[in-house]
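Input: structures, listed below.
Across the two complexes that follow, subunit A remains constant while its partner is subunit B and subsequently subunit C.
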Partner chain A sequence: MGGFEIIVEGFTRALQILFSGDQEILGITLLSLRVSLTATLLGAAFGIPLGFWVARKDFHGKSVVTAVINTLMGLPPVVVGLVVYLFLSSSGPLGFLRLLYTPEAMIIAQMILTFPIICGITISSILSLSPKLKDTLASLSAPHLWEARVLLNESKLGLITAIIAAFGAAISEVGAIMMVGGNLLGYTRALTTAIMLYTNMGEFATAIALGIILLLIAFSVNLFLTYLQMRSRVRRTT
Partner chain B sequence: MSSLKNNKIFVIIVIAVVVVAAVLAIYYQPLAPQRLIIATTTSTVDTGLLDYLRPCFDIKFNANMTWLYLGTGQALEVASRGDADVLLVHDRVREDAFVSSGNGTLRTTVMYNDFVIIGPPSDTANARGTNATEAMIRIAQAGASGSATFVSRGDGSGTNALEERLWERTGVTANGTWYVSAGSGMAPTIRVANEKGGYAISDRGSFYKLISTMNASLSLVIICENDSSLLNPYGIILLNSTKYPNIKPDLATDFLLFMVSTQGQSLIDNYTVNGKQLFFPVYGHPETIGLPSENATVTYLNSLLKSRGLE
Partner chain C sequence: MSFLECRAVSKSYDGKHALKGVTFEIKDGDLLSVVGPSGSGKTTLLRIIDGLEKADSGEVLLKGKTIFGEPFPHRKMIGMVFQNPVLFNTTVFNNIAYSLKFRGEEGETIKKRMDGMLRLLRLHDLRGRNALTLSGGEAQRVALARSLVYDPDLLLLDEPTANLDPYNVSIIEEVLQRSNRERGTTVIVVTHNIFQAKRLARKVAFLLEGELVEFGDSTAFFESPRDPRTLSFIRGEMVY
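The block that comes next holds the complex of A and B.
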């Protein structure tokens, strides 16, 4: 079978799976969503405040910290997976938590990937705000929380971009969740690790079908986020 | 007035019942079956054997059988860290070392198949019709003269270990541009060999399974087979639960007993892909395929089988 036929067969298989409501694939899809969305939200919960703090505060070595965060944006997932595995392993320092090969371990690993992405983009989007705005806020001697609200609101476009980028990185990575999740059937098998397994087994059409489902999910999540982004832009310009 | 009040009470009761039912439905967790984690080699997964055995084991022992898809080297490493419940692997030398170092408590041979040397139909190294050692020598010679490629697993797996033993026997140092180390599982390695029109060593099961899924796009054929040095026995190892308190030793023993029971052995015997048998049960009589006898272990396991009514 040539490459093109396999891709076409993959498309038909994807449609079949989508309409047949295959329980196993549905479970795999829901797990992928649950893990990557949680990891993105947690990454944002830590990344946005830290990014804001780094961007607003003047301190020694600020550029070094920013450079470190920007470097961590390119962390190889498989290295994160290996390090998290060694920590969570039964004979590792956190082995007593018994988290290895659970969805929670997968969330932890992906959070380590999403956190620097969100933090780094937050820093750059706050730094790129007009200095006039900061001067105005300073001259008003606005309370800190109020100032933060205004600045974060003004950089909303950038923050949503950060979340889109982090979710994209999380839902599409395979190295980290393979190591710490173990790709256990019906428990920690996610879309990307399933795609890898089917590819290894030579079942290319099923692998392509899962790839299409992955793209559809990423598309719907991004559609929603982009809608938020557009709305905030419209509001700012009017 | 009073009927209105009654109505209200009725509505409140209904709402309360619905809320309680909903909360129960959300939080009620049926007694989840225990999850067994088998650290195993790519071949038992790629061939579909574990997928085929899972439902039988799960029903019989109210368990949830899962596995980590690794090479034998990585499987032994993961198990030695206490991250799996039981091992199903195929590298006798390292299996014995694993048990004798105190990581495992018991090992027994459950089934076997064999390795085959596969290569392009044109057999550019002219290795067909010879024994395994001679075939490897010819591949290396053809490789050195630029007319053949050999693709190694290169991942420390059981198949990789067998390949290294074969090279040792030939006295050839396998390196050079003709020797490619794929660093991946069996099926991906076969696919690399397929793309390069090269030679590789595969367990028969993985090769047959890949033929059945890839059909005509897999052009490699068997060049050398049926050689005693290509025998591929699979063993199950129980881990030392004193050393690894987090594992599930009872469920692991259930798995071992299931695999060696009459039912398990006949399930293995009956597993076919495209009409071809991929694994041959051999529990209890490894000497028939030229392996050392395991009498003491077999006697012990048979008595366990009997006492558990699993014979």
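The block that comes next holds the complex of A and C.
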């Protein structure tokens, strides 16, 4: 069978899977969503406050810290997987937690990937705000918490971009979750690791079908986030 | 005791003097207009009084206490309106109400004060509009409202009506005069419009290249200036 026929069969198989309600595929899809969305939310929970702090605070070595965060935005997933594996393995410093080959380990690995992306984009979003905005807040005697709230609201467009980029990186990566999750059927098998497995087994049509489902999920989540982003932009310019 | 006192305030940027030993004082309830050509140090003076910048030397005393440039206790009594106001990406109502929320006000107090302020600046119909969609004049009225709503003791305005149409100029000038007359707000308005200074101020300060050339009562300033440079500026002969 040629490559084109495999892709066409993959589409047909994807449609069959989507409409048949295959429990195994449904489980894999839901796990992918749960892991990547949780990792993105946790990355945002740590990345946005740290990014805000780095951007707002003047301290010695700020440029170096920013450069490190920007470098970490390109972290190779397989390296993250290796480090998390070494930490969580039975002989590692966090081995007592018994998290290796669990969805939680996958979330930790993906959170390490999403965190610098969200943090880095938050820094540049806050830094690109007009200095006049900061003067205005100072002049109005805004307390720190209010200042943060207003500045983050003004950077909403950039923050949503950060979340879109982080979720995209998380849902599409395979190296990290393969190493720390182990691709166990019904427990840690995600869409990307399943695609790898079916490709290795020569079941290209199923792999293509899972790829299409992965793209549909990524598209749906991004469609929602882009809607929020556009709404923010339209409000600013109309 | 004077309400606001500037003692030998100097400031320079990259070796260029923005203010050279500026000294003057005003009383509670004064309406001072600071005039002078572009680049004469007017905005720098306002920013130092508002605590946004620190003077290189000299000091500013507000009710007898020094202003250092960092957030200081008196800042909550000061309102500042910038030449090109930056409004927040939210409704007109929130833009103004934030000033009250920053000061811990809530509920009925906010509602009561907001009603009065929206009416005073004729912003009632715009209360639900996103502030970023306003015209220049409307935006400047919102900026004035958010600085007046908490009833500051001192209101600083940096060219508040530059490039505005006569309708908005008249509203802003009327509100400034009413606040000064009825609430006793001390007002310092920076302008390069000599006619506006004449209309509004009871005292006038003339800055030229960072130096306070003349300071005095409005009538004396316009009718019998002591310094020939002031006369030249008033007559519009000064090229800048």
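In this section, the second predicted complex is superposed on the first by the 237 of 238 C-alpha atoms of A that agree within 3 Å, B and C clash if a C-alpha of one lies under 4 Å from a C-alpha of the other, contacts with A are read in each partner's own complex, and residues count from 1 in each chain.
Quick note on the criterion: a residue touches a chain if its C-beta (ideal position, glycine included) is under 8 Å from a C-beta of that chain, and two chains touch if they have at least 3 such contacts.
This is a predicted model, so every value here is computed, not measured.
In the superposition on chain A, contact of A:N200 is made with subunit B only, not with subunit C. In the superposed model, A:E24 makes contact with neither subunit B nor subunit C.
No residue of subunit A is contacted both by subunit B in one complex and by subunit C in the other. Put simply, subunit B touches subunit A in their complex at residues 35, 37, 42, 45-46, 48, 54, 64, 66-69, 81-83, 185, 187-188, 191, 209-210, 213-218, 244, 246-247. Against subunit B, the residues of subunit A that register as touching in their complex are 1-2, 89-92, 95, 98, 100-101, 182-187, 197, 199-204.
Residues of subunit A touching subunit C in their complex: 130, 132-133, 135-136, 138-143, 146, 150, 153-154, 156, 232, 235-238. Of all residues in subunit C, those touching subunit A in their complex are 50-52, 71, 75-76, 78, 80, 82, 84-86, 88-90, 98-99, 101-103, 130, 132-133, 146-147.
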